[in-house]
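Shared chain: chain A. Partners: chain B in the first complex, chain C in the second.
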Partner chain A sequence: MVAFANILVGGVFHAAVLFLVAAGLQLVFGVQKIVNLACGSFYALGAYFGVSFVGYASTAGLSPWLIMPALVIAGLLLGFVGPPIERLLRTVYSRDESFQLLLTFALVLMFQDVLRFVWGPNPRSLDSAYLVYGVINAREFSVPVYNLLVIAAAIATAAGFGAFLQRTNYGRILRATAENRAMAEALGVDVRRLYAVVFTIGTVLGTTAGALVVPTAAASLDMAIDFVIEAFAVVVIGGLGSMRGALAGALIVGLIRAFAIVVYPEAEVLAIYVIVIAVLLLRPAGLFGRQAS
Partner chain B sequence: MTRAPLALAVLVGAIGLALLPLLAPSYYASLMIPFFGYAIALLGFNLLFGYTGLLSFGHAMFLGFGAYGAAVLAGKLGITSFEIVLIAVMASAALVALPIGLFCVRYVGIFFGMLTLAFGMLFYSFLFKFYHVTGGDSGMRVPRMNILGLEFAQYNKIEFLAGPFYYYSLALLIIAAAVMWRIVHSPFGLHLKAVRDNARKAEYLGVHVHRFRLAAFVISAAYGAAGGAILGFRVGLADPELVYWTQSGQLVFMAVLGGFSNFFGPIIGAFAFTLLQDQLQSLTQYWRFILGAVLAVIVIAFPEGLAGLAGSLRRTLAGKTA
Partner chain C sequence: MSLSRRSLLKSAAAAGALAASGDVVAPAIAQNKPVRIGILAPRSGIAAAPGENGIRATQWAADRFNATGGIAGRKIELVIEEESSPKDTIERFSKLVQQEKVDCVQGIISTGAGLALGPVVEEARALTIYWDGTTQDGVDEKIPNPRYLFRSTDNECEAVMSSLLAIKYWKGKFATVAGINPDYSYGRNNMAAFVAILNRFNIEHKVVTEQWPKVGTMDLTSHVAALKSAKPDLIFSSLLFADLPVFMKQAHAAELTKDTKLVLPAAGWQHTLMKKEFTPEGILFGHNTFYFDNPNASPLAKEFVAWYERTYKDYPEWEADRAYFAIASYKAAVEKASAAKSGWPSQNDVIDAMAGLSVESLGGRGSWRKDHIAEQTFVQGLTTHNNKYDFVTLGTFETMYAADLQKPPGANFWDWIKTAQFKV
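Right, the complex of A and B next:
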């Protein structure tokens, strides 16, 4: 029972990070109809930059208690990479989706070397700085408070995002553009600007997730290509373009991984793809997606 | 394209490749082995992508199937004839592709890509995690085999690869291309194009759309396995990296680099990619960045690839002289 609680929190923590990245992927797909393979690269970028940023900040005298806000700021600062990449993607909006996928694959390759150039080939980590927030201990059950804070942050993001999309004017415009771009444009929406904004939000979600995960796991070059595939599994399970789907998918993938590692480690990754395939076969549009016409 | 200049170009290409081991250092000859492997795999891949309009993002699965198949057949079961191994992996890849394809071909576009990606990753995680069966991340050894029943024992591995095995692979590529040429120019190939251009109309005209897509998928799987067996033989190892999704992305890269709307595009793409990667790797450790930039430029500015570029160049030249 004790182990169960530990695994559960571990799985939900993983799901929280996955959700942030998948939400960015969903937003960009929902509005721009582009499947962005580079979202894993944004995640890795956020992780590396988070390490450096906290490093600078603490030599400048940052209180260790402010490490989490500092990481969030690091993630937000990286939003500047969004607009130029969106500008690049603009060249293929009207093209076949295979070209769009390939262009983002090109970005993945380029990002790999940018990260290697700036931060070198070795993994970088923040050594257990997150323990400053303490650990909750109850007999054998123990969980770092930091992990709970990240889970809370992801829940807050999900709630805030839902409110933004459903209740604000800009959220309505965004959804209208996702629904029918030409009509939105005819009604006076500056679609170009909106696309730049949407892509930047997607980027920031990825980089912030990367920054938040770095106290618990080292930033490495492989995380970009490993994580994007997991985020892919999340959106396929949840349904492309659906925010609720991203949440459900992230929970499913996060928990399956956490339990598989304990129960049958060989099946850790295998189980995820078995579910992906099952979902695609039974409900091709995903659990929360709309059936494609 | 008119037949005569095309036939001439193919002949010149084949003769050039045949002379290469005599003229270039043996390093380049053995570098061409992966090219032959990739080219064969891409011929199959392009039957699916270029001719049927289905973008598979998990095609490295079949490369891996060929390489691991060779490792099992030659390494574990002790079959020493490369031909038997080749035929066996192609047949079993086709057999495996049948149920997978049955699921996948119900979808097109991004969903087909994702489903193939998921199957590819499924196979990858099996290879990577089931250490006691597959050797995990250290892979499985692919021992040296006979070709055409001859052992070539007097050659060491490099001489063997740069000599007999080079010509053997070249011959395989020519046979594979000739067979594929027959396939795409047969009524079957025309059906595939009809399915690609307008599936609903094709269905209306009585074409069994799913059946044709499935056939293309199965054929491409067999080609992929043949290419994978050659790749595995060259390195002497089948490792899970060969199946990872980035490898599938690389296959798509090569097809687009060469130009997937042209029959010879994938072969040109495999050739250009192999040389480019080799040269860049010796120049800089940041070769991925340059490859990515090349891919971005191709996608944005030259969607027809190198073959399309050559075609338009030829047309402008012809326009000037006329």
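Right, the complex of A and C next:
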């Protein structure tokens, strides 16, 4: 039972981080119809910047207890990266999806070089931050409080996002634009501005996820590509463009992976893609995706 | 003298045949040109940090050699290309050889790239010295009896050494073992070698779980949970990229490191990231062929470490030694062949001079076997917090020469383990 709890918490933690990245991917696709491979780069950028930001803040006297809020701020500050990249993506909005994929993959490679240029080839980490909030120990069960805080942050993001999309006027405009861009434009919606806002929110979700995860792991040059592959598995399972799908997909991937690691470690990756294939065969639009008419 | 088209073609054909034979002696004018050394090393991706370590050491060595006349009087010029996927690495190797006309290619860290490139090196007849890319799998099939290729160790010596030391230190103190190793030939071979050596010494043990995370996995919390639920007395891990400190951090948070013995044969690749706060004392920790804080280090090694610290605010790891060994070996071989021939030697002369050569490297003396396999000194020991750094170093440590850790030429690794006379 204790082992089960350890594995469950490990799986949910992985799902929480996956959700934050996949939510950005979903939002951008849902509204802008852009498959943004660079969401993994935003995740990596957030991780690197988080290390530097907390490093400077700590030197300036930041209390260790405020590390997590500082990381969230670091992620939010990186929102400025969104508008110029969205401006670049305008060149491919009306072009074939392959152009979008090529351009966003080019961004992944360029970001990797920028990260290496700024932070160097060595992985960067925030070691002392991980256990600053302590560890919950109960018999054989142990979980760092930081992991629980990241899970809480992901739940809060999911709930906040749901409320924003469903209950605010801007959320309704956003959904309307996702539904029918031409009609929204005809009704006076400044779609260009809205796209810039949506892309910036997507960027911030990725950078904040990267910043939040760095105390538990390390910022490394290849983390962008590694994570984006799993984020796409989440999107395929949940359904492209669906926020509820992102949540369900992240939980499925996180938990399947965690239990596969215990039951049959050789199938850690296989188990995820068996689910992906099953979803593609049985429900091609994903669990929460809209079936093509 | 008039030069007819026919005589020009004849000369070109003769020159081509001579070049292909590898016995062409460079004309006197070429001796004023720099010696061009092509470097193939990763500068991005998962192996960027060791790649950069190797490049820095090569540049340091080239500057040092150039200050005292270069190689046999010719200055060294480096041409650096990226090592990435096997396919791209092969293309860049061809570029170095055909377009850049380098005299020697050095580098290669990835096992996959190294194995794929081996046959291409032989086909191109271009002297190539690998820094790393060690494996015992697929070598006999892909690169049997190489002429132009010189490789680092013939099997994972660090796994053999740490297995022997684990038995020496902890025999009778563990019954259940677990593994968490990278999911490619290096990790698989390391774990298999560990188990084979336990069997060789009749150490009763039970493997309770084997974890194979993909290289570079940054969330290992589920793997840690799986290891914890298996309750091993000892964990063997050849994780060696940024995933190793992440594993240690997450294992420490889950209190997995508290009562479990840890054997980390390749931890030295990330030594500065192995912080004291999550890396306990008493772990069996491998620095491969170079331990930067070795109190018995040579003046050469001390000079290099001081330069590295001054220049990069960092401390070098074993890839620096491998890279230095490669370029120092090439210099020694050229100069040996040059002295014997009283002129700039041909590639074949250099190759012949390399086999059996012994040179001083950063980690100590190293030599080349007749079958073009390197033999160097390995360092492993138990971690301590008693130092001036924020990461662990070695308290007690031991050194072993590769001759005692790798199979003899032509032998099968697994058969050799069953019969080898180990010195520990």
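Operating definition for what follows: the second predicted complex is superposed on the first by the 292 of 293 C-alpha atoms of A that agree within 3 Å, B and C clash if a C-alpha of one lies under 4 Å from a C-alpha of the other, contacts with A are read in each partner's own complex, and residues count from 1 in each chain.
Operating definition for what follows: a residue touches a chain if its C-beta (ideal position, glycine included) is under 8 Å from a C-beta of that chain, and two chains touch if they have at least 3 such contacts.
Given the structure is predicted, the values throughout are model-derived calculations rather than measurements.
*Asks:* Check chain A with both chain B and chain C modelled on it and let me know: fit or clash.
*Replies:* By the criteria stated at the top, chain C and chain B clash after superposition.
*Asks:* Return first, second, both or neither, reflecting whether A:233 touches chain B, chain C, both chains, or no partner chain.
*Replies:* A:233 sits against chain B, while chain C stays out of touch.
*Asks:* Check whether A:268 is in contact with chain B, with chain C, with both or with neither, and answer first, second, both or neither.
*Replies:* So A:268 meets both chain B and chain C here.
*Asks:* Who does A:113 touch here: chain B (first), chain C (second), both, or neither?
*Replies:* Both: A:113 reaches chain B and chain C.
*Asks:* Thinking of the overlay built on chain A, is A:101 touched by chain B (first), by chain C (second), by both, or by neither?
*Replies:* first
*Asks:* For A:13, using the defined touch cut-off, is the partner it touches chain B, chain C, both, or neither? Pick first, second, both or neither.
*Replies:* second
*Asks:* If we overlay the two complexes on their shared chain A, which of chain B and chain C does A:284 touch? Say first, second, both or neither.
*Replies:* Only chain B is touched by A:284; chain C is not.
*Asks:* Just checking: does A:216 make contact with chain B only, chain C only, both, or neither of them? Give me first, second, both or neither.
*Replies:* In the superposed model, A:216 contacts chain C only, not chain B.
*Asks:* Chain C has the stretches 6-14, 24-32 or 114-122; which one runs into chain B?
*Replies:* Only one listed stretch clashes with chain B, namely 114-122.
*Asks:* Using the superposition on A, tell me which residues of chain A are in contact with chain B and, in the other complex, with chain C.
*Replies:* Common interface on chain A, chain B vs chain C: 112-113, 116, 265-266, 268-269.
*Asks:* Give every residue of chain A touching chain B within the complex, in rising order.
*Replies:* 35, 37, 88, 91-92, 95, 97-99, 101-103, 105-110, 112-114, 116-117, 225, 229, 232-233, 236, 240, 265-270, 273-274, 276-277, 280-281, 284, 292
*Asks:* Under the stated contact criterion, what part of chain C meets chain A in this complex?
*Replies:* 43-46, 48-49, 51-52, 209-214, 216-219, 221-226, 228-229, 241-242, 245-246, 249-250, 252-255, 270, 272-273, 275, 277-278, 314
*Asks:* Which of the residues in chain A come into contact with chain C in the complex?
*Replies:* Within the complex, chain A touches chain C at residues 3, 6-7, 9-11, 13-14, 17, 112-113, 116, 120-123, 125, 127-128, 130-131, 135, 137, 140, 142-144, 147, 213, 216-218, 220-223, 226-227, 257-258, 261-262, 265-266, 268-269.
*Asks:* Give every residue of chain B touching chain A within the complex, in rising order.
*Replies:* 49, 55, 57, 103, 107, 109-111, 113-115, 117-119, 121-122, 124-126, 128-131, 244-246, 249, 252-253, 256, 285-289, 291-293, 295-296, 299-300, 303
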